[in-house]
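Listed after this line are the structures, all set down as structure tokens.
The two complexes that follow have subunit A in common; it is paired with subunit B in the first and with subunit C in the second.
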Partner chain A sequence: MSKQTDQGRRDFLSRAATAAAATTVAPGVFLHSVADAAPRAEPVTSKVRWGMLIDTTKCADGCTACVEACDVENGLDLIGKPEGASDAEWERQRPRWIREVKLKDNLTDRITTMPMLCQHCEFPPCVDVCPTGASFRRADGLVLVDRHTCIGCRYCMMACPYKARSFIHENVLLKSTAVPRGKGCVESCTFCVHRLDQGETTTACQDACSKDGHQAIIFGDLKDPNSAVSQAMSKYPTVEVRADLKLNTGVRYTGL
Partner chain B sequence: MIRNKVMRLFVGFALGLFVSLGVAQAGEAIEGSAKADKLESCVRDTPFMRRNHFELIEHQRDITVHEGIRKTDSSIAGCIDCHVRRDAEGQPVPINAPGEFCATCHTRAAVTLDCFSCHATVPTPINPAPELLEEVKAHAAGMDPEIIEKAHAGMESGSAKQVTGN
Partner chain C sequence: MKKIHFREWGIESPRYWGMLAVLAAVVAIAGFATLYMEHEGHWVTGMNNQIVWGIPHVFAIFLIVAASGALNVASIGSVFGKKVFKPLAPLSGLLAMTLLIGGLLVLVLDLGQPARLIVAMTTYNFKSIFAWNIYLYVGFLAIVAVYLFTMMERKAMGYTRSVGTFAFVWRLALTTGTGSIFGFLVARQGYDAAIMAPMFIIMSFAYGLAIYLLVLMFTFKTDGRELGDKLIARLKNLLGVFVAAVLYFTVVYHLTNLYGTENHAYEAFILRDGGIYTTLFWGGWILAGCLIPMGIIYHPALGKSRGALVAACSLVILGGFAAIYVIVIGGQAFPMAMFPDKTIIASGFYDGVNGDPLSYSPSLPEFLLGIGGIAVALLATLVAVRVLRFLPESLADDVADPHAAAKGA
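Let's turn to the complex of A and B:
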């Protein structure tokens, strides 16, 4: 009996909570600024566009915090070097979602370090060339690979101007539940989609960068004028890498 | 005479049971240790699940990948979480190992599954604790400990920290 009473109360509470949520969501303003830590129940919409601003002046030379955090978060550190591969070969071909890139201005000798990752373009070349539709752009701006339809042809890797994609050459020893991975598919940065879909609003690289005190990475919703990333972009001059390609990237840089 | 035989059979059976319980080792699933074993039925009734579980999973995979919906009762992670059995040490036994939930019927029906070439066969968190990581590795489906050892060594020698681009 008491169980039934409890159930009734629980139903009432959940209905009340839904009603409250509906009224909050109705104006549409709070949809993307409120992070509710629950798995997503509604399809993603284009009311949100996830994006990132990277301040290269704060990116420290020799620091690989974001790369390592990404490796751990997405299980990239669990992929072993194939037998017989040389170290150079492995470094060139190992799956990496973020690369630490150094730029040198030959006239001034100024060296810039910056993380290079999938730029989550609005008009992604990888999606254009994919023969199976596996490479796709999600409504909220994430450029992802549907590994169920990826045939591993690697056209997208050729098409990407940012060298952002990796191929899984070997069987994977240990798979994590959140980031499935198998031999023969292409993959790249997902902006930690497994976190976003659980209602979180940060990426592993951003967390690691903040934790190390650099604060070079700001992640958030580009369509929300109040988000940290939008605020920063309205304040500082930002550039897209290879802006000439007119891809409207979701990742922008300052200090380049 | 007959009674004697029956008696011997019974004793033998009891002994066998005892021995098999006694040697339940790491890696050997314990009967009834899955969450699903304590439930009346799956997310739908059993006859429906037997015939249509793949429809549910396949439909869900598209919705999850393309629309980001993770709140669902038919995710493959949910299947595994609920149906995976534990061994004597409480470690999950890979769901596609011989005799385990997925493998039992699929072997009998000669169905080749592709799920587990990418999806985890035991609930695996991001950032598993190092000791758990080792445990899970040791329990990996049909994986020879020597191969794991080798792969591990490869990982260490191959993990140069700095990657410089061009």
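Let's turn to the complex of A and C:
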């Protein structure tokens, strides 16, 4: 009788211990395996260089699909005009990662429409001047801002030849979990790094441009000769904006 | 030669405390303005994503440049061995420190994340001139403190010359670093010029000496101390040479730019079509900052008047602010030449459509922060001269430079 009771207690204890171990250890093991499975756990390498080709002949005048898609993707549309700010001043102070510009050739009057964004230079002036190293270039060619070490001095904005960077002038009440931001830091186009790190291979602006049927933006790995962007770049003559600075930009234009 | 004694600034207490109270009130107002800007964010300033550096940077850069220049009087005494300048040295070192502290405060309090100053002090990118400047500025404060110690402590006086030489070299590096903040910016038409560094050095000579002269004359006059005409004439002539040199560098900078077609649009903007920037260039930088002070300094009658000298010094300072404003804000207001052979006719984010300059209207809190930096510098100076012996009892000509006085008599 007593032996049976002991056996029952022993079983109970051993099952309880197993259950306790499972509940404490399993989530860690599970998360670990999830993390292992996701591509973002692997360090980025310089075997990839993300880049973009913009065909200005396909970019439609008056279309702002890429700008709107960027605003939604990166939560820029969540930043509201602060109460009391004038509309005109707010337009100058709001952050913009991509913008439409329309150019007229001084000699021929030819009109070109195209988006301007961070050009993800190989030798970025913003990275050179950043006192804390918060502006940095990732091995795969993305020029990013570490918003933990950005002190908000805006020297990178003074140095960027493309006016690609924005400073957050206002309190941030709403933000996307994929693109955190805070008042007083500088930011710019990340080539949708949160997508790339999850294994995706397109940017929001490219998707929007394609969806609207323009196909003016091709994005991909410049080091992969078979990627769409490399194929297109080998076919058409491309230019860098401010090629004189020899920054080897990751964004190239055709028809400019 | 008579022995020179130093004594604390001895003006009557009510007057002294009154001055401190006024300055402290200005500092307090600036403090509230800063808290307001930090709490709300930079949208309450006139700075935006087109003009990213504004009035705080004009004040900060002016004060930092003037700080290194204020040390010159001491350097002339201990490095170049001009005996007559030696009694002037402690105040020179003091002003160098207080002006730098005022300027740095403004710069740091304008950061988007001022609380992360510790990050700036611990995480460095040595390719950035800003990172170097952190060392140059902090190092300058330490070196000048030691320099002052060797001047004021009898046992350490043997080291004054070597420490002074080191401080002189350091201050040249410091102003080179400050000028290079702009000189190294390849992106913008108005910057990216090696001449920026030496031009900032010569500007520092002029602005620093103008401030020094005003503080010297004010503290001596209010305390009934004698300041010899010959000594003042020497300092005044020195100021004249420095101001002329500023004018020279300005002319060379713009002539060099005018030679290259690529810079014509920028030069037309600053010299002819730039509105406020053109006005400040000609009216502030050139006329008020250089030509009128030189006219006063070298005028046979006005050149002898203390009142006119005060006016000349004040104009050099005002001209200095105008010059820094034109460099810092004007350089940003001119649209970047992204597409050299094209005109931007429409933009979703203010790219200088049809060559229009980018707009900036400074707000009150920005000004208050900048003025607060000046008030901190003056407050620290007045406290220091009151508690420590920075000022000679007399700088009458027969005391300061008996040799010159005898020759003149």
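Please note the rule applied: the second predicted complex is superposed on the first by the 217 of 256 C-alpha atoms of A that agree within 3 Å, B and C clash if a C-alpha of one lies under 4 Å from a C-alpha of the other, contacts with A are read in each partner's own complex, and residues count from 1 in each chain.
The working rule: contacts are C-beta pairs under 8 Å (C-beta built on N, C-alpha and C of every residue); 3 or more make two chains touch, one makes a residue touch a chain.
Quick caveat: nothing in here was measured; it's all calculated off a predicted structure.
In the superposition on chain A, A:L107 makes contact with subunit C only, not with subunit B. In the superposed model, A:R94 lies in contact with both subunit B and subunit C. When the two complexes are overlaid on their common chain A, residue A:S46 makes contact with neither subunit B nor subunit C. After overlaying the two complexes on the shared chain, residue contacts for A:N226 are found with neither subunit B nor subunit C.
When the two complexes are overlaid on their common chain A, residue A:V193 makes contact with subunit B while staying clear of subunit C. With both structures placed on the common chain, the touch criterion links A:T64 to subunit B and to subunit C. Contacts of A:R138 after superposition: subunit B is touched, whereas subunit C is not reached. In the overlay built on the shared chain, the residue A:C185 is in contact with subunit B and with subunit C. In the superposed model, A:Q215 lies in contact with neither subunit B nor subunit C. Within subunit A, the residues touched by subunit B in the first complex and by subunit C in the second are 64, 67, 82, 85, 90-91, 94, 96, 99-102, 116, 163, 171, 183, 185. Those residues of subunit B that touch subunit A in the complex are listed here as 61-63, 65-72, 77, 80, 117-121, 123-128, 133, 136-137, 140, 143, 148, 150-152, 154-155, 157-166.
Here subunit C touches subunit A in the complex through residues 40-43, 46-50, 52-53, 111-114, 116-117, 119-120, 123-125, 127-131, 133-134, 181, 184-188, 332, 336, 338-339, 341-351, 359, going by the rule given at the top. Against subunit B, the residues of subunit A that register as touching in their complex are 38-44, 62, 64, 67-68, 72-73, 75, 77-83, 85, 87, 90-91, 94, 96, 99-102, 116, 136, 138-140, 144, 146-148, 163, 171-183, 185, 193-194, 196-198.
The residues of subunit A lying in touch with subunit C in their complex are 64, 67, 82, 85, 89-96, 99-107, 111-112, 116, 125, 127-133, 149-155, 157-163, 165-171, 183-186, 241-242, 245.
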